[in-house]
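I have placed the structure first, in the form of structure tokens, so that the comments after it can refer back to it.
Here the chain labels run A, B, C and D in written order, and each chain numbers its own residues starting at 1.
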């Protein structure tokens, strides 16, 4: 099973919408928080030539303001010119920290390594070496 | 072919990110603008019990600040308890308004009709009647 | 009285928050929409070396999802190294287009002209010439 | 001197804009993070009838993606029907944690206590008792 990278954040007031729950595009911000922390732990540069090729999210339950969220990120796939990172966002049950958190959403994001002209270019060795053992 | 609903907006400065292009989650805002205008044209209530079940986006080219964007929305699928709306975002070539706009991203969003307890409930007749001819 | 520059937008779902109204920082996006359209009309470059020095907003009434908003922008002050743009956001009464819109918020934003090292530099002549008659 | 409430966050990628720095309205999100943590420490409900009456921000230096930010919040004023919370956002110098952080922005937000009809109502005793010793 893929190694999980875990980080936490609280749902912010500005991330909610008039239906009272966290707005659907906020989860892509959470997924990115997860990827940033994964890259930090791996010592890989995040702010690099890594445009996003596609992303998706499936919603199971909703988060509310101030919910403590746990973001779990993992390598789903390594490709010749990029990779795909999976993400899941959970609500931590603060009254019972030992309880398994509730799965809210799951999704993924594919990133492509490109050259200075933004053409796909083979995944650099440093990325391949760091990501391969995580699958 | 499904009927297209078309609306336009300009990429806002706050929607860009430090890579100089529109941030990846902004397209879910554009998709929603498209759905809102589709519902307005159809006379359907948007702000209704319609939680989002899943969404996805594939990125082909990027938008920059102040680009004139055209959002095309269409019904992709009607389900027993919901439906799926497709969306494409184009960049209008302002110097040549007759030119075909450039496709930037394409995606979709599935919405589920739920009852007051947020359990899936059959798609109301008004929705079915309005959406079916659009497929 | 200062010349008014007017543009309109609808309050987006993602701009609302769990209290059911438009989130307080969204008005700074609306103010910027107003400034961008002002600069477009004046033929001035918006995406220039114009960092923001300060901004403020006073809230009188709230906007809800899909409200039609009118943003009025005007030059409040011209300084040696910058200027201050005022903004007001109104809710258009769609049922009675002849009615005076409702004032929702008023505020301002000060921008400073800087050189390549981000040190304040005198307001370029093109800006001074374009903005002075508007006071 | 007013008691300081301190919390930290990292500047998120989606909070930056095409100029490469954190977008100007993101600081109002940071100010709110500070207020939420202040209220949590004080045991006061945040998600209460507390509409915002005005807010302002003065920008001294800019934050970039992934900067570690420290938000300091404090009570600036207690009024008959509300209060004003000040906020400052600093960049932590991670290479030298003992160094004084760099002040980026300072601002404030006034909140009004209202009744169920959204008319100003005297500040509840629980708020007055909790906030007064902090001035």
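The working rule: a contact is a pair of C-beta atoms (placed from the backbone, for glycine too) under 8 Å apart; a residue touches a chain by one contact, two chains touch by 3 or more.
As the structure is a prediction and not an experimental result, all values here were calculated from the model.
Using CA-based centroids throughout, the chain positioned farthest away from chain A is C. Across the two interfaces under comparison, A-B and B-C, the one joined by more C-beta contacts turns out to be A-B. If you average the Cα atoms of chain B and of chain D, the two centres end up 35 Å apart. Mean C-alpha positions place chain A and chain B at a centre distance of 23 Å. Chain B and chain C have CA centres that are 27 Å apart.
Each of the following residues of chain D touches two or more other chains: 13-14, 18, 25, 29, 47, 65.
Looking at the complex, you find that chain D touches chain C at residues 18-19, 24-26, 28-29, 47, 51-59, 62.
Within the complex formed with chain A, the chain C residues making contact are 13-14, 16-18, 20-21, 23, 25, 64-65. Contacts from chain D toward chain A in the complex involve residues 10, 12-14, 29, 32-33, 36, 46-47, 65-66.
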